[in-house]
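Starting off with a structure, shown below.
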Amino acid sequence: MEPIMSKRAAADLVVAARIRQGLSWADIAGELGAPLVWTTAALLGQHPMTPEQARTVCGLLGLDHAVAESLALQPARGADPALMSDPTIYRFVEAISVYGPALKELIHEEFGDGIMSAINFKVDFARRPDPDGDRVVITFDGKFLDYRW
Amino acid sequence: MEPIMSKRAAADLVVAARIRQGLSWADIAGELGAPLVWTTAALLGQHPMTPEQARTVCGLLGLDHAVAESLALQPARGADPALMSDPTIYRFVEAISVYGPALKELIHEEFGDGIMSAINFKVDFARRPDPDGDRVVITFDGKFLDYRW
Amino acid sequence: MEPIMSKRAAADLVVAARIRQGLSWADIAGELGAPLVWTTAALLGQHPMTPEQARTVCGLLGLDHAVAESLALQPARGADPALMSDPTIYRFVEAISVYGPALKELIHEEFGDGIMSAINFKVDFARRPDPDGDRVVITFDGKFLDYRW
Amino acid sequence: MEPIMSKRAAADLVVAARIRQGLSWADIAGELGAPLVWTTAALLGQHPMTPEQARTVCGLLGLDHAVAESLALQPARGADPALMSDPTIYRFVEAISVYGPALKELIHEEFGDGIMSAINFKVDFARRPDPDGDRVVITFDGKFLDYRW
Amino acid sequence: MEPIMSKRAAADLVVAARIRQGLSWADIAGELGAPLVWTTAALLGQHPMTPEQARTVCGLLGLDHAVAESLALQPARGADPALMSDPTIYRFVEAISVYGPALKELIHEEFGDGIMSAINFKVDFARRPDPDGDRVVITFDGKFLDYRW
Amino acid sequence: MEPIMSKRAAADLVVAARIRQGLSWADIAGELGAPLVWTTAALLGQHPMTPEQARTVCGLLGLDHAVAESLALQPARGADPALMSDPTIYRFVEAISVYGPALKELIHEEFGDGIMSAINFKVDFARRPDPDGDRVVITFDGKFLDYRW
Amino acid sequence: MEPIMSKRAAADLVVAARIRQGLSWADIAGELGAPLVWTTAALLGQHPMTPEQARTVCGLLGLDHAVAESLALQPARGADPALMSDPTIYRFVEAISVYGPALKELIHEEFGDGIMSAINFKVDFARRPDPDGDRVVITFDGKFLDYRW
Amino acid sequence: MEPIMSKRAAADLVVAARIRQGLSWADIAGELGAPLVWTTAALLGQHPMTPEQARTVCGLLGLDHAVAESLALQPARGADPALMSDPTIYRFVEAISVYGPALKELIHEEFGDGIMSAINFKVDFARRPDPDGDRVVITFDGKFLDYRW
Amino acid sequence: MEPIMSKRAAADLVVAARIRQGLSWADIAGELGAPLVWTTAALLGQHPMTPEQARTVCGLLGLDHAVAESLALQPARGADPALMSDPTIYRFVEAISVYGPALKELIHEEFGDGIMSAINFKVDFARRPDPDGDRVVITFDGKFLDYRW
Amino acid sequence: MEPIMSKRAAADLVVAARIRQGLSWADIAGELGAPLVWTTAALLGQHPMTPEQARTVCGLLGLDHAVAESLALQPARGADPALMSDPTIYRFVEAISVYGPALKELIHEEFGDGIMSAINFKVDFARRPDPDGDRVVITFDGKFLDYRW
């Protein structure tokens, strides 16, 4: 009996296969018919895939069943804290530190006492051309949940 | 000689005046002709206002010159870490922990080695009606900056 | 112009008035017609009260308008971390450390991938007589939210 | 001489076998005749099993004696702190931060100076149907212990 | 309405009065007819006193009613973490780090799976003469509590 | 050339052999003619054994020379911090947080400015029968050391 | 007897006076005949000024003797850690995290085993025009110190 | 399928080969025709190399394709925090703590509200002869980015 | 009743009086007939003075009885952790990090299993002229204490 | 190609060989003709040895070339933080916390604004016989470096 391959080991193999085969995350998402950010997050270990999705990815990337079994496993979510200081990720951390309290004020003003769900939630990623330099546009879209006793 | 009022003390007075006069953040932003999230963040101490903006806000809210002087001061940015565990703000922290590594992958795939600027950057806040419950929609829009030696 | 009294200062005055007048938390909750745990948490600064509720409490306890204004303010939620090591509170922290992973497994087994909401959520407190020593019975009751893109 | 298999390694094998054989935690608890939350926590390494219980589980799951020996070992309890930020577990952490001080007040009001034991203690997990969305109901039931010199 | 004096402020006044009047902790404990370690801990803010005990202490030390009211308040227990590195207290921390795992083994061997209660618990302090240098003898005496579901 | 086996690896083997052979910590201490708490702590890696003691233990438990060599090595003392939150050990941590400042006061009152040594120090473990439930009795006995320039 | 005004309070007054009088840091440095970065750091509390320098600055800014006394005091150096996450300062922290190990390699390759002194050390600040956007140029210039026994 | 070799493992091999072949970092940078600090940082894992650069380095150092594949991988940037206390690196950390707030003031005075980019950024390393002892001269040169909504 | 002045407030007044009167630490130590490092540490709050010593110091410095009462109080020892990163103090911290494990080896080799006492301990400070630059010479002199059960 | 053996692995082998051959640190230092504390620190990984020194040590201890190569490598200095709480090392940490601020005052009084170098620095270790118990005498001897712009 072997333990199930860890999500991290599976992600390392997905990344290696993706690069060696010259496939983009968008190619994989297209093959799955699933959203781009969701697919990338799931393959990095943040969402469970259905067994069918896992098999499709492993077929596309030439990975064996042990990887598919891991991709279908329920994850313990959250990134390694060391990653939070990578500059590309840190800019999001900084933006939350600078704008988080303002967004809290505006959520309460517009919706009342509650939160933007991070569960009934989706994230969109886009490139917006701009003559001054193209822009990264990230949209967080979550259901408002009011504190309700 | 008195020191300049701290940004935190000024924000506490702005919040008190805003509530007692029944003004919304949107009312203040409208009066200033400035974006909503920017205005809210600036009044909470995250951006310096021009002296004119500061005077306008203090006139509208009935606050004296010491508050205006503080609002125009260059800030040291970043929220009190204790605020990061407020549930309304924490959901953003959690979203970055779950989706940050995926966004990093997609930025690199689409743009190459670099970051989304948090300086040449704007944040939009909106309510999107939905029969299943209205949704909070936050858009981060930052210029891509490539690592360039 | 005075800033709004902090939630902590308001809670300190509520606690002092409650003790000096010999009122229980249950007495206050009864007067408000609100649930016991909710009322206690709100008066300690974790939920905003409606202005009417705040006035009722301050009338009952002989506290002035500044306290009522604070009780009605939108809070930044979460306890002082130092309180988490008080033995009475720490036992809850310990229980989550010991049983949290098991509860995660059971939530996923029974409901699928998602969480128990801490927002659409209520907590009940009861005493259960037991010949071996009476028992504290705490019930967490939260809506299941599935990860839904 | 080999060291005893770690509780973590044993739990990984239990999880793998459970999934591959299509057994639920409830199936295993039923086979043992033990409570559901206790059984799940014990198999994840938080309680020692009796040798008989350990043998029964390993027989059911097709795991060898080394796993049973580990399951019977006295544990060092407590979850990996990294797990505390998994969203499904974090909601419990958040609830304790928001409601812990209120529960402390109510325990002292009802019982006097003391604690809810986390040792003479049980946890119940249930699903409560609700037209608005089914609910997770967790009950903590611990003996009151008064500070007694 | 004044908030109740903090336990720390009350302890500071007790310490000042004790020193200025040349009373020992033992003198106060004797006057109260209460155990020495309990009395000292209570006056430093770790246990609530009965109103009678609080009045007795304040009468003895010439402190006013506000101190007595604070001494009778239910405390949030636990020392300021900065105190843990005072050398006199740190030696206890070090002893737990060096001998804690051994004591855990011996508690389990002798009593089974459970803990020494820190609630149904008393601490004794004594001086033991020794020709090689007198010794500090501290006894922890707590009820064994077995994990009982 | 092999490095010396780590104290942790040696302790894991001692624990495994002890359990498989049905020996208690008291049996081993008896065989060594050494105090019970000292022996347990030493075998868990907190004290060096003499080569003779190490050989005796390894002979009794059927462990080879590499274990004996490790048991005789000078240790770097102190437990893994993760262990400090195991409930059985945490109760000692909590007791020091609640009673440490009181013990400091009493040491200074009785002995003057100084500490209880944690080096010229012994710990005793006992079970005291009690009709209300047997009790764990731990005695710390350390030489007083005065601050002496 | 008053304690000496803290370096932080003195810096707050210097900043307030500088802004209200429309003086730049360069103006003050020019008046002192001292380097720009040194002057700014000293006035923010990181270097002691000579009594003459302190008097000159206070004369220029209209501050009284208590400020001058504080400016001449020997400082405890180092910034408030909260400032390290201000975005303008954080970029330096990030640069050290990304390039620090490379600079260590190059110092050892060029100079041998040792360090760049941060004591026999100066920092220069300049603006370099660039058609692509002007650049901030910071030069660290420290004496090499070799490990020398 | 093998995962891609970690950046750390690749850097360890580059360092070993460099030392055994007696090549300096400057030799490698020269061979690549790339800047010295950039090359060193890239080989330590902080920048991705182009496949051509990676092949050139591996050819020069006699390292195989697996190393080249790793060197071309997009990194997660940032040093192991333990390295920050190495004395040679710590002096930079100390300099930022002492001079960071002054540099922030000067950037704002000279350029307005914004930052020195750490992305559009280069670092230069030089030795400056000095009769008093040669000096390490490090230049940070980054584009100014103004806060622009 | 006033609480006793804190050790920190007393130290601030001692420092202010010392500077304003142009007295050195050595002058004060000479007046007391006490060792230099001990006197300085005691006045900074790390050792209790006898009432006579406290009166002598306050007489010399023109400080009132409240300061003397504080200087005679038993301290909670240990510096504010923020001070540990002041460069002058940090060099000691760094030296312990670099040489601490070596000193541990040598203490065990020379004396056996035990420690250098930090209680029966003195510190000497001296200046040693050196043509290459005068040197700071600090001597730690503590009684060896062997682990003795 | 193998990476260079880590300093830690090399130190573990040096320690094992030293113990098995019955050599003291002083024996090795004598053979090298190098100072005792320097030699011990270098072999524990804190200083690079010259290739000749490394060969001499490996010859004496019967260790192979891979160890010598590691001993000659430039180290990243600093001990594992977990070691800082070993009681023998912790007493130095405690002494710095208690006496560090006093030493800072005395360095500034005697030498002016600056530091004791930890680079141009040596440490001496000695045993001083004392009828009351022999003493550990550690001398830190570092060049004074004044803040010099």
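The first chain written gets the first letter, and so on, giving A, B, C, D, E, F, G, H, I and J; residue counts start at 1 in each chain.
The criterion applied here is as follows: contacts are C-beta pairs under 8 Å (C-beta built on N, C-alpha and C of every residue); 3 or more make two chains touch, one makes a residue touch a chain.
Note that the coordinates shown come from a computational prediction; the quantities given were computed from them, not determined experimentally.
**Student:** Hey, which one of E-J, B-H or G-I is the same interface as D-E, over half the contact pairs lining up?
**Tutor:** B-H
**Student:** Which one of the chains is farthest from chain A, going by Cα centres?
**Tutor:** I
**Student:** Please work out the Cα centroid separation of chain E and chain F, and write it as a whole number of Å.
**Tutor:** 25
**Student:** Just how far, in Å, is the C-alpha centre of chain F from the one of chain A?
**Tutor:** Taking the mean C-alpha position of each chain, the two centres sit 47 Å apart.
**Student:** For chain A versus chain I, what separation do you get between their C-alpha means, in angstrom?
**Tutor:** 54
**Student:** Just the number, please: Cα centre separation of chain A and chain H in whole Å.
**Tutor:** The computed centroid separation for chain A versus chain H comes out at 29 Å.
**Student:** Got the chain G residues that touch at least 2 other chains?
**Tutor:** 76-78, 83, 85-88, 94, 97-98, 104, 108, 114-115, 117-121, 145
**Student:** Going by the touch rule stated at the top, which chains touch which?
**Tutor:** Those chain pairs satisfying the definition are A-B, A-C, A-D, A-G, A-H, B-C, B-D, B-G, B-H, C-D, C-E, C-F, D-E, D-F, E-F, E-I, E-J, F-I, F-J, G-H, G-I, G-J, H-I, H-J, I-J.
**Student:** For the complex, which residues does chain H have touching chain G?
**Tutor:** Per the touch definition, chain H meets chain G at residues 24-26, 36-37, 40-41, 44, 46, 77-79, 83-84, 86-89, 91-111, 114-118, 120-121, 123, 125, 127-128, 130, 132-145.
**Student:** Over in the complex, which chain B residues touch chain D? Could you list them?
**Tutor:** Its residues touching chain D are 85, 87, 90, 94, 97-98.
**Student:** Would you pull the chain G residues touching chain J in the complex into a rising list?
**Tutor:** Answer in residue numbers: 35, 38, 47-48, 74, 76, 104, 108, 113-115, 117, 119-122, 145-149.
**Student:** Touching residues of chain J toward chain F in the complex: what are they?
**Tutor:** Contact set of chain J toward chain F: 9, 12-13, 15-17, 19, 62-64, 82-83, 85-88.
**Student:** Can you tell me which positions in chain E touch chain C when the two form their complex?
**Tutor:** Those residues of chain E that touch chain C are 1-4, 69, 73, 76-78, 118-119.
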